[in-house]
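Submitted below is the structure of interest, expressed as structure tokens.
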Amino acid sequence: MKRRHWLQSGLPWLAAAWWGVPAWAGPTGSTIAARFGKLPPPERVRRVFAAGAPAGVLLAALAPDKLVGWPLQLSDAARGLLGAPLQGLPFVGRLAGRGSTVPMETLVQLQPDLILDSGTADATCISAARRVTEQTGLPCVLVHGRLADHAAQLREVGQLLGVAERGERLAAYADATLALAAQVRASVALAERPRVYFGRSADGLETGLEGSINLELLDFAAGSNVTAAAGKGSLTRVSLEQILGWDPEVIVTQDPAFARRALSDPLWQSLTAVRKRRVHCAPSMPFGWLDGPPGVNRLIGVHWLVQLLHPAHPAVRALEPLPVAVQRFYRLFYGADLSPKAVAALLEGAA
Amino acid sequence: MTTCVKEARQASAALCPPAPAIWLPWAVAGVLLAAVVVAAFALGKFPMAPADLLRAVLARSTGAASGLSPAQETVVWNIRLPRIAAGLLVGAGLAAAGAAYQGMFRNPLVSPDILGVSAGAGLGAVLGIYLGLPLAVVQALAFIGGLLAVGTVVGVAGLVRRHDPVLVLVLAGIAVGALLGAGISLIKILADPTTQLPSITFWLLGGLNAVTTADLAVTAPVMLAGLVPMALLRWRMNLLSLADEEAQALGISVVRLRLLLVAAATLTTAAAVSLTGIIGWIGLVVPHVARLLVGPNFARLLPASLLLGGGFLVATDTLARTAASIELPLGILTALVGAPFFLFLLARPGRGE
Amino acid sequence: MSAVPQANSATLPVLEACALAIGHGQRRVGTDLSFAMAPGEVLCLLGPNGSGKTTLFRTLLGLLAPLAGEVLVLGEPVAAWPRSAFARHVGYVPQAHAGIFPYTVEDVVLMGRAARIGRFAAPAQQDRDHALHCLNTLGIAHLRQRIYTAISGGERQLVLIARALAQEPVLLVMDEPTASLDFGNQIRVLEHIAQLRQQGMAVLLSTHQPDHALRVADRIALLGGGRLMAIGTPASTATPERLAALYGVSKRAVATSLGTAIATSHPPETTP
């Protein structure tokens, strides 16, 4: 649909910016879903705005000194687990079409060189990004953010932002993690995969259906999402009846309150997972290991979950111990040096 | 007869106090509106000195370069201008539609949503967001949804011949609106809580933060197409406040006039809702306030509602984008600002009602 | 009273009902109603509650379709009249009601000009002058800027008459104009009707009070049992016998109630 921009015609620089460069959809295999506006050359990218939480985590890992602000609220405890430039970054709000909390004028005032968005790139998000570019003249890039894309994502975005070397290092880590998961998946048949239930809210009745980006970790780590029988979709609420019917072998969550409740509540006692005490809470500081946001923060979660579900697998046994892996991940991705005590507290406070 | 009239006028003038110049209140209203618009341009999260603003405007009108940074130009022309223009248009449109509905349904507590246009537009938009369609399609769905909802209500009401036609319209509107509202709630449950639900929520609360000039270029003609018939027929609307038979006896084709006004008001409201989401209270309070200020004669009430509605929405939107660090949805603010003001106007002594 | 103008072939009757049957849907409220009104004539309709006076008026005004027969206004069937043209010739005065919105009296009277101004126009100065003239005729020009909902019932009735006069009609149809008015207001309204008749306006009115009919009417019609029981001069129509039959009360009661009225309107007949 051709739109006529009445007022922009008087501003030649804006006109050249996007009349000359139409929307660009990446070639198949690229994680870049779309980009709008004229992107500055990588070496000149100094300030990047993260449109949503997954993009925020991606930028925090790739280019922490270029991130303009956090699109999500971070508690003091969370900030304590982040490296130096990230700790003090202010909250600026997210950019999500109608659901934006950052005022447009603040966005223009921040004058980022680039706006980055990661996650599901459906038509709504793409048209919202196009509008932002049209209205403010700031270039927008959308990247796919599914778990399998993380290595390619880190490489490509690293190149875009002029931090190709760092991007390569992080991508190598991602490659290793993804390869590990692939190895485990290859050797464990579908039928033998443990049936896992991921409870999300405090009452544990919120979960995700097959295909939801928030739960893809389960299948990735060679587990089997119990909700598969309920069809495809995204996040949803289920009833305890359904959970009892599915009878998962393992329950994972990021909410310690739910983990405690599942173990103590008489209604949940009959579940196999509860009887075998296989209810596990993943840490969520500074970002969730399994989800929340669904970004590169999940890479350590893959390690954690694979160890949990398949402790006897040879590839898993050959891994470094979890505390060491956690230290390495936090140093590499968040720039934070965690003492062994801090790591233990992290793992324990969750369990 | 002329002498009789002159005498009568003198006699009546002796008994009634002379009214001030008829144009004075309108001039005051116009000046106030201009002041609100200027303030809206000057205020915002992006720091902008009034001198810079003046330079930008002068440069645009003379075609010269203004010497301002591109960011400042962007803020003035791409962000603030569409917002203010949309605020004026939507506020005026919703207020005019509200005034028309209040006259047609002979009830000062009626809002344009009574025939379900907001519920229909809301369902169209949340459906579009849920299905992940481009924003332009979401807006189109909102517009079509609003029109379809009212079309259904009018169609259903046309089939019922038994009761008072106005009552049937209202009841059918309530029923259809409830049905569509249930559909909206259902989609809210099914939507993804992290990505879609905030968009849906913000849309249902209304806001001008996502309005671009392209949106305005498409929606403004439609809204004007709805406002023009209402403006032309504004005196005739007075007759719809009488009982149907009385109005017919005075020479009005009641059914046709009502249908035309419903169509015009629906067109305006559906276009407004597709542009900004559901902004409540304006269609209900502004005509009521205007009636308290200028009286119920639609020849005066409609222009007053237009001015007041446009000014109110621009003022509220300026507050919404400057008061807090995040953007506050307009629907919340219109209620918070409109209700106490309305109570104040009711409490002061004025024309008897 | 002056000679009653008769409708004859030389003057076109301003209103004519031919074998009219009225009612709603299946319910037939009146049959075989035939009468004609000459220009400048006052015809008063008497009838008990539920006799169909309001239905008859609605049918005559074209607001309700007749079940049989037809209504002619100035020789043309009502169904053929465009609504605005009809309003320029026939004015309807309903019973005074409380308004919903606080219009001024002037605004209310100006609504009567709707049929005389363009579709998208608002009343001009000449319309306002005419409205003032109508208010003046009824002696209520001093109410011009008052709020319609704030004045008394009698004043409201006069305002509605002024509104109908603003249409500049040739026929006024008034539905019980003196109902719920006090004695003084009733007299005033009747005097205005007499005055309108002097000015050549045809008036069709219904009333519950035969004495009012006897005061102002050129002719009286009795509507009872779904038929026009009688129509003619007040002397011949509003006799105690006829009225007693119409209302189902005794002749003596009628004569006692109406004693003065009958005596003044026509010479006393043989004592009942």
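Letters A, B and C name the chains as they come in the text, with residue numbers starting at 1 for each one.
The rule is simple: contacts are C-beta pairs under 8 Å (C-beta built on N, C-alpha and C of every residue); 3 or more make two chains touch, one makes a residue touch a chain.
Everything numeric in this text was worked out from a predicted model, so none of it was measured.
Student: Could you tell me which chain lies farthest from chain C when each chain's centre is the average position of its Cα atoms?
Tutor: So the farthest one, by centre of C-alpha atoms, is A.
Student: State which chain is most central when centres are taken as means of Cα atoms.
Tutor: Here the chain at the core of the arrangement is B.
Student: Whole-Å distance, chain B centre to chain C centre, using C-alpha means?
Tutor: 44
Student: Can you compute the centre-to-centre distance for chain A and chain B, using the mean CA position of each chain? Integer Å is fine.
Tutor: Their C-alpha centroids are separated by 42 Å.
Student: Could you put a whole-Å number on the gap between the CA centroids of chain A and chain C?
Tutor: So the centre of chain A lies 82 Å away from the centre of chain C.
Student: Residue numbers in chain A touching 2 or more other chains?
Tutor: Counting only residues that touch two or more other chains, chain A contributes none.
Student: Using the touch definition up top, name the residues of chain B that touch chain C in the complex.
Tutor: Residues 1-2, 4-5, 8-9, 11-12, 15-16, 103, 106-108, 232-236, 238-239, 241-243, 245-246, 248-253, 291, 295-297, 299, 351-353 of chain B touch chain C in their complex.
Student: Which bits of chain B are touching chain A when the two form their complex?
Tutor: Of all residues in chain B, those touching chain A are 44-47, 60, 70-71, 73-75, 77-82, 128-129, 132-138, 189-195, 198-203, 207, 209-210, 212-214, 217-218, 277, 321, 325-327.
Student: Which of the residues in chain C end up touching chain B in this complex?
Tutor: Listed in rising order, the residues of chain C that touch chain B are 58, 61, 63, 83-84, 86-88, 90-92, 94, 97, 99-104, 107, 111-112, 114-115, 119-123, 129, 132-133, 135-136, 141-142, 144-145, 147, 149-150, 163, 167.
Student: Which residues of chain A touch chain B in their complex?
Tutor: 1, 3-8, 10-11, 13-14, 93, 96-106, 108-109, 111, 119-120, 122-128, 131, 134-137, 212, 214, 234-237, 293
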